[in-house]
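Chain naming follows the written order as A, B, C, D and E, and within any one chain the residues start at number 1.
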Amino acid sequence: MDLIGIISQVVFFLVAALTLAAAFATVLLRNVFHAGLALVGTFFGVAAIYLMLEAEFLAIVQVLIYIGAIAVLILFAIMLTRSLMKNEDSGMNKQWAWAAIAISTLFLGMFIVILQVPWLLNTSVIGTDIVPFLGTELLTTYLLPFEIVSVLLLATLIGAFIIARE
Amino acid sequence: MDGLVLLYLSPELILIAASLLIFGLDLVWRGRGSQTLGIVALVALFLSLIVTPLIAFRADPTELLSIKWGNQIALFCKICGPTVADLSYWEPALVADAIYVSDNLTNFFRIIASITGIVVLFASFDFMRGRKFVGEFYALFLLAIAAMMMMAGSTNLLMIFLTLEFLSIVSYILTGYLRENKKSNEAAIKYFLFGAIASAIMLYGMSMFYGATGSLNLAQIGAVITADTNYEVLALFAAALMLAGIGFKIALVPFHMWAPDAYEGAPTPVTAFLSVGPKVAGFAILLRLTLQVIYVYQFDWVALYSVVAVITMTLGNVIALTQSNVKRLLAYSSIAQAGYMLIGVASISGSGQPLDGVNAVLIYIAAYLFTNLGAFLVVIAIENKTGAVDISQYGGMIKRAPALAILMTYFMLSLAGIPPTAGFLGKFFVFGSAINSGLAWLAVIGVINSVISLFYYMRVIRPMFFDPTPEGAQPISYSRWLQTGLVVTAVMTLLIMLFPTPLFNLVSYGTQIFGIAMR
Amino acid sequence: MIQNFTLFIPVFPLLAFAIIVLLTRRNNRLSAWIAIVGIIMALVLSLGVFLESLAEGPELAQHPFYAAPIVWYPYGLATMNFGWFVDPIGSVMLFMVPTVCLMIFIYSVAYMRHSHVDEQGHHIQEDDPRYSHFFAYISLFTAMMLLLVISSSLLQFFIAWEVMGFCSYALIGFWSFRGLKEHHIDEAQVGRARGASIKAFLVTRVGDILLLTGMILLLLVTGTLDFTQMFNPDGLNNVLLADSPLPGMTWLTLIALLIFGGTVGKSAQFPLHIWLPDAMEGPTPVSALIHAATMVSAGIFLIIRMFPLFVVDSQTGGNAMMWVAIIGAFTAIFAATIGLAQNDIKRVLAYSTISQLGYMLAALGIGAFVAGSFHLIMHAFFKALLFLAAGAVIHSVGTNDMLKMGGLWRKMPITFITFMIGAFALMGIFPFAGFWSKDEILLEALRAGFYGEASPQTQTIRFVYICLAIAAFLTALYTGRQIFLTFFGKPRDEHAYEHAHESPITMWAPLAVLATFTTFLGLWNAPFIGAFTHYIGEGGLMGLPQAFEHTAFDQLAWISMFLSLGIAIGGLIVAYLIYGFRPVAAGQPDPFARLGIIYKVLVNKYWLDELYGYKINLDGTVQRGLLIRFAGALSRGSYWLDRKVIDGLVNLAGWFGRILARLWGWFDARIIDGIVNATASVTGEIAGWWRTMQTGDVQNYALIAAAGAMAFAIIFLLRSFT
Amino acid sequence: MINDIPLVYYLSLSAALFCVGLFGALARRNAIAVLMGIELMLNAVNINFVAFWRYGSVNPILNQAGIVFALFVITVAAAEAAVGLALVISIYRSRDTVNVEEIDLLKW
Amino acid sequence: MLSAITFIPLLGAIIILFLPSDNAIKRFAIIWSIIPLILATIAWVIFPTWPDFTLMGSYCPPDIWVASANTYLGECAPWIPVLGIQYHLGVDGISMPLVWLTTLLTTLGLFYSARVINERVKEFFALFLILEMGMLGVFVSLDLFLFYIFWEIGLVPMYFLIGIWGHDTDRPQYAAIKFFLYTLAGSVFMLLAIIALYLFSTPHTFDITLLTANRDNMPWAKDALISTLAFLGFFLAFAIKMPLFPFHTWLPDAHTAAPTAGSVILAGILLKLGGYGFIRILLPMFPGTFQSLALWIGVLAVISIVYGAFVAMSQNDFKRLVAYSSVNHMGFVILGFAAAAALTNEQVTSPELSNYFNNGAAAINGAVLAMFSHGVITGGLFFLVGMLYERTHTRELAQFGGFMAKVPIYGALLLLTAFASLGLPGLAGFVGEFLVLQGSYTTLTALTFVAVIGIVLTAAYFLWKVIQKVLLGQADEKWAKLPDLKGYEILTLVPLAVLMVLIGIYPSWILDTINQATIVVLKAVGAT
């Protein structure tokens, strides 16, 4: 294993640990606002993972949209619902124990499947920039989903407006 | 993408264009003329209903009127480009890359979706009079119907996810439409949270499929999985997770918990739509998933579907026994009906006989569509005038609104499966296909369930005929629209039973692509 | 050729019945006349047929007047035909039945008029409120009896037999209901009549189902119920002799015994005799009709019709005839003993009828076919005479109780004379009918028992002879007692005595006619004339051509004649010593009571009514006994079973559901206490219980959904490993 | 870079992230926290897709199905978040709470 | 002709919905219900000359044409070609009398109700006519699918008749839903059996005549498991409707709650649907299975007879007593069918054992005639009970007494009906019972000895409870001014009384018709 391999592995473990820690923080922190900030941390971690997987465009999109839009939106929502001031006690509800058990077995199952299934493995090197190809593919093969998403966003816009307007 | 191909997307496009038009008009008229917007929506739905057969026709000199319900398939795929392939039968290889397919099954569900739309619109005209955001309601509703149609046609994991989410989001908005009503809000938030979690689980399943086969197209995934049996682990694990998403939409038992609350909370026309729309589209996806992807592991999915079917039917029927709120009762009843449909899916045996699972499901869907919408129309008619939603408030309905009482009796009997109704034909086919494919025990449980179900269906009718009318109750009048809606559903429920041949032709056309057509 | 119209004989009274019921219900006089005209036309036609068959002579037995044109119903490829069948004994019955019935019809015209003293004290004579009903019922009764006599198939016979049972129910229960204003009968009589009618119908019904079973088994085995085809030789020999389901009994014996069961029910023989004495609650002409002329003789006539069956059975080792003889003889003596202790004038005659019927059955049982049938005919006449005379006495004195009568011979000379003739005939005193027929039976029994060649039956025939002899003596005793109590001695009840008057002409005329018949008819079969034996005996039986051997009137016959005469006169003398010599004074108990325990047993009729559980007390209430209380308990038990157990299956499930719910509640009170009370059934319980799964918390829902998806995925995972 | 870190690491990371997100969705009382959980789950799925694209696809340049799917997931997540928060705010406005356990007017 | 008879009542019901005033409805309903009666009478009168298989301008596939040679007035029309379902009607000797009885009792029921029912008249008469259509449909349809549909159509109107117009002292709604659930529970298993028959028959068909004709080379007949399960499915439905012993608990409740006309139809016709099912489906299609189970069914029948009689004896509600008497009488019908089924093959086919064949035919004749006469008698009884209730507003037997003197006409008719019911020869009840006994002694001898005890018990409880308590004895003051039967009441009862006497005296006018069909059925049974 050459030096770069080791370094990249170390970097991966670092990033993965950070992301998971942030995720745990989002879930466990009692104060919802702090949880929001931890969420932003997780998003950064995921963006780093994308970079390691050579999907730079996606990393940027992740940072821009997830952190820029969705995380901010969530923080606004937290402020709007003034749960900032109210110091709620533990954020967990009555059934968290049952949920924990169920989810750990689910994780176990997933882990077994991940190890067991013969995933496709054809390691090919990406030389050039893939973004233009992505563009063409979006507008040729996946043109129909692209249009549908646009209508979806329009509907969401109006829907959110209807529901949340003062 | 040349113009001809757009023709094969025309029903969806018409609806989307109409909804945009309605948004625009609503903007221009600033809230006045909501009635005309409704008419526009209705016209759009009729247009899409008429266009579907036009697409399906194919000039065939050999046929009688030289019109044959052909089975062209418009493919929107990477390699073959958006071309129109004229296939008599659905070879996976040919449609390997298709993202969206406008084939027989899609046409069948387009017809079903547009009919649902029309009938629910009939119901909502009354309901919407005098409320805010009426234009938006109609527009969003049209989008929901378009999403339903697209769900039926999508043979690509991405498309399935996208259309499912599209329908879900629009449904959340529609459910939460009555902002000031506490119940509507609560129903919407519950529906949203449950839906979001379920679709996340489904997504994870989809990623598994993509990981193993490298492709998003159902047919290709199916080919890879059937070719190599050690993918069995993945296929079933991922399918089970995907079942969460689809099960949520159909409201099968472990994933049904949202339904009673959402049905009770949502405005009644939306409840009517929820009880039919997403459920039917969900079955379209389930059919495609079962027949094209995991068909080879017959033993497993038959076992899974039978078990889920039994739990769904039994739980749905049994809990409905103690319900006193009509909408909640109809919610549990529609859960039970989903259980019966699942029996049809479980007994798919590809035997080519008329009594085959696939035909049974489609017939049951058609029958359930008219019966359930009819029942909801009656509930809406009563609620609009008296605001009564509890069974006890239905006292002496036979005097106040004899037509409504008689129709409600007819629809309840159809739901219970008493003969001279479409419901019976549906149940007959479903139980017949179960016995035909060797699941006789399933048919027996189904039959016992339909007897239990009769008890609560009769509980709805009993006060109408036997209890005295509460004092000061004047006769219930309802708009012309509701009347036409009731007439359409009642006549169709009777016609499907008395002259089922046209329905059988439509169904056999629908299942032709799977090679299990009803000769 | 008159015999072609035999089928019309029952039609006339039936027509009379229909006319009365439908048209002339209101007009009493007219209904009475229509009934009488109907019976007269039947009598004329019957006499015609009788004379024609007499002309035909004995071989009528082998090829009788027979035709079965009416197809009553088809079953499979075969059909059940009805028609008429007249053989010698049938023709004689055709002579006897309408004659006696005519007399009874004329008699009842007057009898059904009641006189009572109203508030102002003067007599009012008025018809019974349901006068026309009475005539309708007795016309139907006679029609059915005639149909029975001429029936060509056992099924036709059975139908007539049962409809007659209905008529007897209706007639016995004639006074079983009373309108608000009617007071010709009192409360107690209504109660007693009601009890008696249902008792009669049910007990005869038990007999009927035995006959029904026998009849169907016969149809099953021989394939036909037609008298002409039933006794064909091969049918009798091979088919019937196969072993029946019951062990040790051939089909023939089983069928014969079942048919005899019918007779026991109808002719009130030992186990099923309890209904006849209570049937006295009906008007006297009815008692005469039922217990003399028709109903009871129908039972005997059934055995006579089916006699070839019994003969072949005894020839092939069956013991059916032996049973007939034993039960007949035992009933004869048993009934005679009870007859001694009865104070009601009609009940004495009732028990005497049972005893005489026992006589006839005993005769038939020992094979004395001719003697038995002759006694049947004679008994019909003199017993009808006795009943009608007793009726006249009751009509004039107003009470049945003999202890209240006495010295009536002055007040009612004609009734007295006719009653005496009947009594002598019953006792078997020389010139009268009874003597010839009873002596004939005793002679046959004596010859077969003691002088005939030894055969397995001789022991039983000896036992029969002894019983009959004792019975003859007892008959003489109780008849004598009756005569002395009613007509001789001092009047014991002043009021009744001066109230007594001779009955009007329409009542004593029939008595006279019957009396003449009783005196002269006996000669028909007198030793030297023997016309009856020749006519009946010569032809043998249907299917059994060899005739009944007619032994000349040898020296043994003389001895038995004097013996029976002596027994009769001895009985009369003893009766005179007890009752005639020192007539019983008013209020003095019956001298017979001095016998103490024996008297008590006889008065209570061996407590059989209590054993059966249906004792009708004098005041009209019914005392429920063992059997009926058991049946009542059984029915209440099954109703409880029906209500609680079977119908309760659903509720039972509900109960099971409640247990389950409580169990669940014990360790999860929070959910259960919120349950809306579940419906009754277990589905309701479970529904209520499952319903609370819907807690309203969406995360709870999501957890269940996730857990569900996870469960399916994990199961598939595990499955794919194995 | 590609063959240093095996695919399984990414998949297990995404599985872990998915489970944490699911736990967040099921166990947190605050509706917005549930939303955050859902976002986590969707991010986990995206990692999955991108990883499968990178490691699995024959010609990652021409056939970028994984990335396209991820992109669409992000957009849909955004839409969902918008609608979800709108609903949360309207619930808050009418019931003055966003605690999911207290929103149980509709039950049984 | 048959389609006309079946669908005229439906047409009538629809017309009634548009009639304005109450007595217009009443008059119309009565006149309208006479039309099917006339048609049925014509059909029966021309019975001997029935053209063997008239195709009323309708096309029947050749194999069905051949198979339904012995049915008459046949009508065929393709209805659902995909599943091979024919709109196939036909009548033979057994179903003709029952069709006629249905039309008669409905006309009498409507005629009587016209005076008695005064609230919600429109619904009552409409539902009544729909009920008639349902019942007629069952008797005339020769296609299992059509049979099932008409079987269920009959349930709904009866549910409403019991529920709405029932006497509110006897929990009518409970009785109505119990009736509906019991019958439905049975009939859904029949549905499964019908589907199983369809799937396992070589030319997939629902046609009764076809399934009977070439029953032997059908897979379902060869496979013992399927034929037994199918048999039990059908048997359950018919036993509940019949009602046979363990399934009878719905009958007393439904009867006591139903209005007079309702319980006349319920007892008169609805119970016969079960019996008709026995003779049309169970015996011809499953001779082997029926024969093996004949003893057990016989045992249940005999229990029904004796048990029904005992329970009736302990009733003090007049209507409940008559209801339990129906259980008693229907026990005989099933005993008849079981006896006929118990005939072994060689008994049915070999010529020298024709005695068994004839007695078997007698059993079936008896059973069908018992059904017909029970319809007439119990119909009459329920009318009488209803009339008594109209006058005294109580059904408590203990309170009656001495009515024979007070209301002689009513007394006479009750006497006639009661004695007909307990099987007095010369009246309708006896002939049916005698034929059944004749048949059942042939094959189930031991059982019949017990059944015969049932006859005495029947006589006992009828005399004891009905005649003794109601008619005889001392009239009570409070019944002083009891009115006797009015014109219309007598007119309702006269046809039934005439029928009772007619069948009793000369039964061959009806048994000829039945016997023709019985011979065909028995020959088909022996065909294996």
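Methods note: contacts are C-beta pairs under 8 Å (C-beta built on N, C-alpha and C of every residue); 3 or more make two chains touch, one makes a residue touch a chain.
Since we're looking at a predicted model, the values are computed, not measured.
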Pieces of the assembly without chain E, by contact: one piece
Any chain in contact with chain A as well as chain B: C, D
Separation of chain E from chain A in steps, with touching chains one step apart: 2
Of all other chains, the one whose Cα centre sits farthest from chain A: C
Identity of the chain that, by mean CA position, is farthest from chain B: C
Best-connected chain pair, where connection means C-beta pairs in contact: A-D
Central chain (by mean CA position): E
Chain C and chain D, separation of their C-alpha mean positions in angstrom: 97
Centroid distance [mean C-alpha coordinates] between chain E and chain B, Å: 44
Inter-chain centre distance, chain B versus chain D - centres from mean C-alpha coordinates, in Å: 27
Where chain A and chain C are represented by their mean Cα positions, the distance between them in whole Å: 103
In chain C, residues with contacts to at least two other chains: 676, 691, 694, 696-700, 702-703, 706-707, 713, 717
Interface hub residues of chain B, defined as touching at least two other chains: 158, 162, 165, 169, 172-173, 176, 179, 188-190, 193, 197, 201, 204, 208, 211, 214, 233, 237, 260-261, 455
Interchain pairs in contact, sorted by label: A-B, A-C, A-D, B-C, B-D, B-E, C-D, C-E
Contact footprint of chain B on chain A as seen in their complex: 109-110, 113, 116-120, 137, 140-145, 148-149, 151-152, 154-156, 158-160, 162-163
Interfacial residue positions of chain D with respect to chain B in the complex: 11, 14, 18, 21-22, 25-26, 31, 34-35, 38, 41-42, 44-45, 48-49, 51-52, 56-58, 63, 65-66, 68-69, 72-73, 76, 79-80, 83-84, 87-88, 90-91, 94-95, 100, 103, 105-107
Interfacial residue positions of chain A with respect to chain D in the complex: 1, 4-6, 8-9, 12, 16, 19-20, 23-24, 26-27, 32, 35-36, 39, 42-43, 46, 49-50, 52-55, 57-58, 61-62, 65-66, 69-70, 73-74, 76-78, 80-81, 83, 88, 91-96, 99-100, 102-104, 106-107, 110-111, 114-115, 119-126, 128, 130, 133-134, 137-138, 142, 145, 149, 152-153, 156-157, 159-161, 163-164
List of chain C residues in touch with chain E within their complex: 70-78, 129, 155, 158-159, 162-163, 166, 169, 173, 176-180, 182, 187, 190-191, 194, 197-198, 201-202, 205-206, 209, 212-213, 216-217, 219-220, 223, 245, 631-632, 634-639, 642, 646-647
In the complex, chain B residues that touch chain E: 353-355, 398, 409, 413, 418-420, 424, 428, 431-432, 435-436, 440, 443-444, 447-448, 450-451, 454-455, 458, 462, 465-466, 500-501, 504, 518
